[in-house]
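Note that chain A is present in both complexes that follow, paired respectively with chain B and with chain C.
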Partner chain A sequence: MKFITIDKKDWAKGIEKSRETYRLFGPVKDKNGFLIKRLEQDILPDMEYHDSIMSAKSILFPQTEKMLSTTLDDSKKDHHIMKRDQIDTTPRAIIGIRPYDAKAIQLVKLNFDTDDYRDPYWCDAYEVTTFVGLAINKPGPFDFSTSTGTGPFCEEGLDILLADLDDQFLAKVLTEKGETFISACGFDTIGDEKESSALFDVLRKEAEKNIVSHIETNKLKEKTILELHEAPFWDDIAFSCINCGTCTYVCPTCWCFDIQDEVKQKDSVRLRIWDTCMSSLFTRHATGHNPRETKVQRVRQRFMHKLKYFFDKYDQGIMCVGCGRCVKSCPVNIDIREVCNIMNSYEKQD
Partner chain B sequence: MENPYLPYPVRIDDIEIATEDKSLKTFKFVFLNPEDEDKFSYHAGQFAELSIPGVGEIPIGIASSPVEKGFVKFTVFKTGVVTAHLHNMKVGDIMGIRGPLGNWYPWDKLENKNVVIIGGGFAFTTLRSSIIYMLDPANRSKFKNIDVVYGARSPGMLLYREELFEWEKRDDINMHITVDGTDDPDWKYHTGFVPTIVEQNAPKADEDTYAIICGPPIMIKFTQPSLTQLGYKEHQIIMSLENRMKCGIGMCGRCNIGKELVCKDGPVFTLEQINQTPKEY
Partner chain C sequence: MDSYTTKIRELSAALLEDEKVDFVIGFKQGTIPMATSPHIARTPEQAQQLIWDNNCGINLANYLTNRKEKIGIIAKGCDCRNIVTHIIENKINREQVHIIGVPCKGMIDKAKITLLFDEEITSYSENNETITVKTLSDEKNIDKNEFLKSNCITCTHRNPVIYDELAADLVEEQVIEDPFPDVRRIEEMTADEKWNHFEDLLKNCIRCYACKNACPLCYCPTCFVDESSPQWVGKGQDTTDVRTFHYLRAYHCAGRCTDCGACVEACPMDINVRDFTRKLNKDSFEMFGWEAGLDLSKRPPLDVYSPDDPDDFIK
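Moving on, here comes the complex of A and B:
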């Protein structure tokens, strides 16, 4: 494994240099906190950030994305024939993505890149993206990532993992894509492999010690879907929910979307827009019939999807990376950690 | 792999009013690019997204049959934004079709079996596709007895009436057509709800008999006991479900019943499968 040490004095210069070949994305301070955004000219990723309100999922899966377009003007050639617009395939790099968010992208990939269908919008964006992770030295109180199969130093889904060593970054180059990015930055001070590796280990252990909250998922698999679906605790869990959908928007693994057409004069576009299973419209049939009419049904759907359906369908753990955003952002304090533990420990009474 | 969201451009070739109340119309589409017809190779029981630029998309069962070439047909009930727009479109208009989508009735498993088809109201479209497929001279010998129970509110609400009455005359298919009620003194078929007609006319189950049901939830709910009484087991009852859909390819997340996605893992399920999932349809 290759390690590169980057003196923080050289950081800005290197990042600027990478702009020659990459479109950059990274943490930027917004009025309400940090967001992962496109880094416009002269804006550097704010590597001092702790966590971001929204995850990096929008870089590959924008809140609103143009899928197809056409003209409705009958006098024009190919009117009413939809086409995909040309897209920007310049390489992108997300700098400072947190390891749990990178892992989340791997989980979302299971949905968008399948044997049967490939979502070209998500997959094309994924393929041109380099993920430059920033390890979390001091995880916060909402972080329970170590019990969801990731962690503050998890390398899954990353091309480079950076560790912040105060006056320098130590970069662990994990893939060829990562290698290319590091070269594009001109960072070439090779670190001693053994020493660096040991240092990563120490930092990781130190960071993991800081994680105080955990969930139990070991018994989810053995319960049947119907057992959990029909369990008596859903009314209590959903009681305070106001169906605002915040949990779904801030979640790095929530991928549900709507497709809508919009028309301006004779120009028609088909858009993909984030949707939320907390909305009653999400499932309402044109007839008015709605299979998930009540909020209890919708809250249950969200947790069952994350903690049971996904688990059963892919056998890759739960659809949660323990970032804690939904816990932190929920206006009525619904806590996925509690829900998960309730589900995990539930025993059906005969 | 091609862009699964990109519809094949089609031209509306014919529009037929399908029921007396004009709430249903049958649209015949022709592909603008002939090679797209080959790509749109489908099985009876599948559906497609009818895609109207500037308006939106709707998932609709394919009413034409794989053995009918040169066009595809869909019978559409006017109920929401897209279907209302479609009902106002004209022959010659250009739109799109995305598909074929979803699974289909298990034709391999149904070979050498008796097949009982049960439909109600306007949920007869993929069943029409299936009947045409089974009655095709190349396929008829693959199946044993074919029984069809089909009911609607009134004679004028039956879909594909001409075909129904033609099938009625044949001896290789047993038709049991019914209406909830009629004041037509010449009505020579059944009167009564589908579950009752099933109970009285459908063959008793044996290992080699399968039932395919398609209809409004209420009809399905009341037909199940009739079939159980006739001895059908859960795995012998095959159903096609509907849920709100957008992508049709298993990605947008709304049509699930438990971990199954109606658009991709379905819409066709056996009752045995459905009984293992939350009934969120």
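Moving on, here comes the complex of A and C:
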């Protein structure tokens, strides 16, 4: 494994240099907190951030994305024939992505990149993206990532993992893509492998020790879907829910989308737009029938999908990386940690 | 606030024991600092989970819409005004609700407190007007009155306007000489400045609809944004569609909004949605002398006709 030490004094210069080949994305301070955004000219990723309100999922899966377009002008060639627009295949790098968000992208990949079907929009974006992670030295009080198969120093889905050592970053280069990015930045001070590896280990253990929030998922697998589906606790869990889409939109693993056609004069576009299972429109059929008409059905669906259906279907743990965003952003404080523990400990009474 | 909690639990448990109501709607302690969660207590034991503190900013009238049961509800001044509006608009009957009124001295602005720290807040406690907030490496004692939600700062109806019982003594109402300085500031802007102000206001909107879903006024069976045959508004992030949603929603609330601030409280992006509704509240007040939700016998100004209307065009 290759380690590179980066003096923070050289950081800005290296990042600027990488712009010659990469489009950069990273944490930027906004009005009410941090967002992961395109880093426009002269804007550097704010590596002091502890958390972002929205995750990095939108870099590969924008909230609104043009899929196809055409013209309705009969005099033009190929009118009414929907075609994919030219896409920008310039390499991208997401700098400072948190390890749990990188893990989340691997979970989203299970949906967009399968043996049967490959979503061209998501996959093309994924292929040109380099994930430069920033390990979490001091996990926040809502971080329960170690209970969800990731953690503050998890390397899954990353090309580089950076550890913040006050006056320098120590970079663990994990893949070839990572190697290419580090070279593009001109960072070439090789760190001692044994020493660096030991240091990462110490920092990881220290960070994991500081995680105070945990959930139990060990019994979810053995329960039947119907047992949980028919459990008596859903009414109380759903009572306070206002059915907004906040939890699904801030979630790094929620991947559902809607497809909409829009026309402006003679220009027609087909858009992919984030959808949310909290909305009644999500399941309304063309007939008007709605299989998930009530709030409690929708709330149950969200938690069953994340904590049971996904678990059963993919055998890759739950569809949650423990970032805690939904816990913090929910206007009525519905807490997935609580719901998960209720589901996990539920025993059907005969 | 502990005395409020004790009294709320006592009154609610009694209502449930005497079977005067089917359940009581109030707040329970949240799972994270500065959070509460709307709670339904069906038994006297569940009533012991009810609490009251400075984080009860969500409007509980929102949970009454079209319910058929007999309901006990814990309601501060603005919640009561929305209960009045609900009764006037036939969303609930007066006889169905037993209101435990809570005289209120304002709720706190969580976003403002969060901005005091670089780290996440790990604990919150309150002692009268003093609030103690801690992070992993910092601790601050702050005065509640300096961190009130902006709608609470200008509130002149802290006491419940209708109630069956009270959880505490009535509080002194604030006298606000200039209730709309924020609206005037926007009114005084040039057209370009206004445009930029509202563009900046909405730039982070993710269209989660937390604002409308937290609002007791937004009870349409199908909101115009969810109309699908035909569809009225685009669903993406196109600024025209984002604006359309916010502008239309505000107009639907004209003359009905009680300025409870639940929309702002609910917004995950901290958008001050009240910049829209406040202008309409000011117009309602200046043109019709109207404040919503104060009187069960009066209909909102935009759905009444008066023979002595000062405008000629309508006669």
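Just so it is clear, the second predicted complex is superposed on the first by the 350 of 350 C-alpha atoms of A that agree within 3 Å, B and C clash if a C-alpha of one lies under 4 Å from a C-alpha of the other, contacts with A are read in each partner's own complex, and residues count from 1 in each chain.
Note that contacts are C-beta pairs under 8 Å (C-beta built on N, C-alpha and C of every residue); 3 or more make two chains touch, one makes a residue touch a chain.
Values in this document were obtained by computation on a predicted structure and should not be read as measured data.
Visitor: Looking at the combined model built on chain A, do chain B and chain C fit side by side or clash?
Guide: Chain B/chain C on chain A - fit side by side.
Visitor: Looking at the overlay, what does A:Gln260 touch: chain B (first), chain C (second), both, or neither?
Guide: both
Visitor: In the overlaid three-chain picture, which partner chain does A:Gly133 touch, first (chain B) or second (chain C), both, or neither?
Guide: Neither chain B nor chain C is touched by A:Gly133.
Visitor: Quick one: classify A:Ser240 as touching chain B (first), chain C (second), both or neither.
Guide: second
Visitor: Once chain A of both complexes is superposed, is A:Val327 in touch with chain B (first), chain C (second), both, or neither?
Guide: The answer is second: A:Val327 touches chain C but not chain B.
Visitor: Could you tell me if A:His80 is touching chain B, chain C, both of them or neither one (first, second, both, neither)?
Guide: In the superposed model, A:His80 contacts chain B only, not chain C.
Visitor: Would you check which partner chain A:Val250 touches, where first means chain B only, second means chain C only, and both and neither mean what they say?
Guide: The second partner, chain C, only.
Visitor: Nearest 10 degrees is fine: what angle do the Cα centroids of chain B and chain C make about that of chain A?
Guide: So the angle at the centre of chain A is 90 degrees.
Visitor: Looking at the overlay, does A:Arg284 come into contact with chain B only (first), chain C only (second), both, or neither?
Guide: Both chain B and chain C are touched by A:Arg284.
Visitor: I'd like to know which partner A:Gly26 touches here: chain B for first, chain C for second, both or neither.
Guide: Neither partner.
Visitor: Considering only C-alpha atoms, give the closest distance between chain B and chain C in the superposition, rounded to the nearest Å.
Guide: Nearest C-alpha pair, chain B versus chain C: 5 Å apart.
Visitor: Please report the chain A residues shared by its interface with chain B and its interface with chain C.
Guide: Chain A residues touching both partners: 258, 260, 284.
Visitor: Note which residues of chain A are touching chain C in the complex, please.
Guide: Interface residues on the chain A side: 30-33, 35, 48, 50-51, 53-54, 63-64, 138, 140-142, 236, 239-240, 242-246, 249-250, 258, 260, 262, 271, 273, 276, 279-281, 284, 327-329, 331-335, 337-338.
Visitor: Mind pulling up the chain C residues that touch chain A in the complex?
Guide: Against chain A, chain C makes touches at 30-33, 35-40, 58, 62-63, 111, 114-115, 118-122, 136, 204, 206-210, 213-214, 226, 228, 234-238, 265-270.
Visitor: Would you pull the chain A residues touching chain B in the complex into a rising list?
Guide: Result: residues 67-68, 70, 72, 79-84, 111-112, 114, 116-120, 224-226, 229, 255-261, 263, 268, 270, 275, 277, 282-287, 289, 291-292, 297, 301, 304-305, 308-310, 312-313 of chain A touch chain B.
Visitor: Which bits of chain B are touching chain A when the two form their complex?
Guide: 1, 3-7, 9, 32, 51-58, 79-80, 83, 93-96, 217, 242-244, 246-247, 249-259, 264, 276-281
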